[in-house]
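The structure is given below, and queries will be raised subsequently.
Every chain is named by a letter (A, B, C, D, E, F and G) in the order it is written, and numbering of its residues begins at 1.
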């Protein structure tokens, strides 16, 4: 029991630190990616190639004066970013980061917990994530913040539906809600889910962009319209929490996308690779992170390419295109499964 | 982090000698470095200099290299107020309000002749230099300055930020400076 | 974790639900802000839900949980319509005070 | 309203099916950004590497000396008059005996100040100068911390005798040709003039 | 005491306290937040009762959607303490008395009730997705489908209500 | 149009203060929007935040010192303003400018038109959220700066040309850089268009946003690309040709209903047309003098100043501003980056203009803004603003 | 262009009699000086007349001539444009310092709205009937009209200039 608790605590701590680290370096990555796409260099003066840039940003924000506007509700003002950070970090619990590591006689799975409704848990946490933005935007007592908060909430609620429907089709195919089982299926049962659910993947991906408030769905914070959106009034580390939460969300979304549709930690042609035991587990984890990093890059790539939607167009896309498509996807999946005799 | 406050003014402290003092100064240095490399500018661009600032942001000069490409249009999040272009008397109070809204530590960069002194616009409607309403740290001459000069200015601000003690903003000298401008 | 309910008699759940339900009732009577009243109704629904889940668990009958599921459906639908009505009322009366509603006309 | 026959409607607002689907355009855009990702950037790493500045660039002023090192400025005040920003102030003084190697003409500027914060670097002073004394150069004016530091006096403006500034790039071929001609009065320095005077006396 | 009992008391305490705060706090936004806390506590109870699916659905539906709607409306109408209508004391006292009486009645009624756990309860898997799903899509197929009609009606109604009249 | 927020019910509508330090207004003007949710019910504009008293200043400066002031009107395309002013004075004094100088002017003006439109079009893209294209195209603007720097010595506020011609001939380096630009710019522009033009998100954002009818546009005094976007092919370069524009072949791009997409596309096409004009000018530029023979107004060559008494006197006279300017009033307009940029000059024969009034296209058409955004959303308002290309220097003068 | 002068002059004289005080060519512009009271009528006529059709108000501006006799110290200039025919004319009118009232033309051209506000701001012309005659460029608190010749250009607060140098 004790080893179990220690092992789980260590795993939680590692996942927590990795989330923070990846998020921090995602900010650096974002700046570099943007710079390269724009024929620039990006940060290169803080340390070699500017790799200390995130540390500098973090320390600076940490040491900056805290301003809580006098008119705002102090408790809610602080609660907002905390909630954003909390919900961002929570979803990482059910993601399988790798196979089972053998130390001595024991096997230690690299997943904090594999609850049998894992995907629903992720979904629940995501649906809760909107509160951080809403409360922060409301407590700022600023019109721009409020507009950002309202936009964020309606956007996230709308896209959750399509996201859920996309997952339904996937669940129909896999027959399980557990992320661990889904990964296992993809490892042994041949193809990755992307092959069976290309449309579902596309819908899920688009919704993931919307849920993380990334371009082209970055309306809640778009600079040219709402100054900073919901975080306009925030300074110092509370702002840092919001910015961080966004990148953690990207990280977790990438991890979930890889898990659901790209075989999780499975290597392609795994059975032909002459690796076994812990080495295989390590290779798998590394490969999983490779996938995750690719998706983080993809998020940035899209952001620095295309313009953003307008509020009503975003709603149109969500309700009039994605939801019908997702329903169609469910139908098609059902029909195909029936026709192929899989039911 | 050092826990005990140093009674005398930090500038009297011999630099990095022993114990607490050493620790404090090296923390100062680290913080200074961090601040210097992460100056988020608030571009208060009103006219021609704003276009040159765009050029500074753009690929050829790339302000991002100095860690300053994240423009924060919200004064709360900015470290560096870049005043670019003519500030008329009508605009003055707004500029001042923006300055007051900024969180410490904050620096002000006055870019170009108009912002620094009024330039050719020695007219009834133009403020003859923003240093009449807010304290300015670095002036950049030119009308508009070349991007090189803007980068020089940023580098100078970085030097200021690096060498600044953490407690400077609480020091009576700093308060007196702000009081001169009637800012609390 | 399987025998988690062993130490908890079902009476406890009943009393808890009763307490929550009565708080809901109190809120409905106590407050005049229509939105808060609405929220209290949700609280009452939840008290009942809790009881149903408890019963379903203690009697080993799934139907109770299915009912909870339906209650959630009804609650969601109710909130959508109810809030829309509230919005309309607010647009017209500039108030969420239920006492302005007793005229049924404005 | 048709005013000319050169009218050309350039806008096409109907979208083709492919365009309606969002994805082709997005993919297209992503291909373009990816191309730039692997392209060499245009950035000049400024403090270390300096971008080439044109010889005609209008940067910091210089008060030229002639070949012998005498100041060319004669404090005529034309530059101050020509300055739209009114940034130039000067005080004239009479040259005393023995200062002939310092000042080229009988009058010189005892004080010559340019307020660099006022200056708009329009180059009108350079054009106005009849003595080729003031020039704008391709050096850029450094930034500074105090407003007072920007009033550049003669210490900063007058060319250092040991580090002459080459301005031939700013001058037209005709002027450069002309300056080689020592018989022209303007091109004679004080020393030349003395020599000529002596020669004349001898004759 | 067993761990489960500790959990029960903790969750119940949180639920009741925050439910009380819902009705006592003057600021509607605070009320909403307290209600969310209540719902989380109830979701905890569901987990305790091994109704995992319902617990997560509860969070998704209540905390993730319904309460967001409440918060959205409150933010949009810009309600805060000042707008809260003032109420006289007599109705308040009356409200407390009547609610107290109701509670007393219910407690008195249920006090004597004897409830026994049935043997089927040993099967703790009834709250899991597959068993629930089987019941839902076999015995309760028709109500399930009809509930979708209810949803549709509600949606149409909400849209119709909130749509402004076109002048 | 002039209703303030108080006339509306406080509860139903909220007011949003857009500016003067809002990122989309670039810190220069204020719009107080009355909003119903995200819909704009009404808007009131306040301008004058960088009013610099150009017209008064011009009454206190000699003619040749006004050129640097005009630089700061529409600072995205200073050379056009400079040229417009020079031509106004030349019209007043009746000067005949050599063909070569005129062609040089055309090249410079069209280059600065491209520079101006690059700023406007990329800023539209930035305001829709596409930042990358802005930085791609800005590199070409940097090349234009290099050309200007080679010609006159400054990048942005050029003070280029003199009354009577150009201050110096194009250097070989300038020609080289111009060639380089002409060769490479089409690729870059095409790439930007590929990135943005037909992207449905961009089209949805801009089509039928902030549209204006022809009648309204004329009523509000629109000129330039904004009027052409509405469908009127009015172009000062064609209607009243100046500086030999009649020698060049180019089309006048027009839009259909004056919305944001039209304005964007018209500017895009104008860049292509400008390229066409520059290519023709470079090909056909005649040899000859780069300035008119105007001893009373054009500064003599330096060597003459040293050598010839007459030149020295003229030099002093010109610098001191004591030249004999004829009395009279003259209006001259050029096609600026934003439309008809007019100079109404009243001379009393003195050192300075007696009265100089600038017809500033931005100032005149910006008042249509509340009408254009009414009924749209906040995002539309911002795009409309950036596509109108409101330049503060020109707006407030 | 001088035929344009004749055409417009004849039309105006037919319609308004002796309202046209003077007409002449200034460079390529026919310029008409009209009686102040009839300016608005004339402008409206010029816009609405089918043949003249001066549908576009290019610009307008105020003038201050301190050297003129008192009754014509201040002036206003309107510049009209007929795009299809490419005709441009200028209308001027003069008035005294005491009576700077002028009928607004905002109901004829919307574009006059801000132009008139600007001239009010600069010179103090009172455009009767203007929907929102407020200062536009300067601060509302300003208590003089800066473009009048008697007021100085400079800001008196500056301290880094030497007045001796610039003839002040």
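Definition applied: a residue touches a chain if its C-beta (ideal position, glycine included) is under 8 Å from a C-beta of that chain, and two chains touch if they have at least 3 such contacts.
Just so we're clear, the structure is a prediction, and the values are computed from it rather than from any experiment.
Novice: Spell out the chains that contact chain A while also contacting chain D.
Specialist: B, F
Novice: Report back the single chain whose CA centre is most distant from the CA centre of chain E.
Specialist: D
Novice: Would you kindly tell me how far, in whole Å, the mean C-alpha position of chain E lies from that of chain A?
Specialist: 29
Novice: Which integer distance in Å separates the CA centroid of chain A from that of chain C?
Specialist: 33
Novice: What is the distance in Å between the mean C-alpha positions of chain C and chain D?
Specialist: Computed value for the inter-centroid distance: 79 Å.
Novice: In chain E, which residues are in touch with two or more of the other chains?
Specialist: 57, 65, 69, 76
Novice: Do you know which chain G residues sit against two or more other chains?
Specialist: Residue numbers touching two or more other chains: 83, 86, 137-139, 146, 153, 160-161.
Novice: Quick one: which residues in chain B touch 2 or more of the other chains?
Specialist: 59-60, 62, 65, 71, 73, 90, 117-118, 120, 122-126, 129, 143, 146
Novice: Can you list the chain D residues touching chain A in their complex?
Specialist: Interface residues on the chain D side: 26, 29-30, 32-34, 36-37, 39-43, 45.
Novice: Using the touch definition from the top, list the residues of chain A that touch chain F in their complex.
Specialist: Interface residues on the chain A side: 34, 37-40, 143-144, 147, 215-216, 218, 222-225, 227, 304-313.
Novice: Spell out the part of chain F that touches chain G in their complex, as residue ranges.
Specialist: Residue positions touching the partner: 1-2, 47-48, 51, 53, 55-57, 59-60, 91-92, 216, 218-221, 232, 234, 239-240, 328-331, 333, 340, 342, 344, 346, 355, 357, 359, 363-368, 396-397.
Novice: Would you mind writing out the residues of chain D in touch with chain F in their complex?
Specialist: Going through chain D, the ones touching chain F are 1-4, 6-11, 13, 15, 19-22, 25-26, 28-29, 32-33, 36, 42, 53-54, 56-58, 78, 81-82, 84, 120-124, 127-128, 130, 132, 136, 171-172, 174-175, 178-179, 184-187.
Novice: Sort out for me which residues of chain G touch chain F in the complex.
Specialist: Counting only chain G, the residues touching chain F are 26-27, 29, 31, 55-59, 61, 63-64, 77, 79, 83, 86, 88, 90, 109-111, 113-115, 118, 122, 131-132, 135-139, 146-147, 149, 153.
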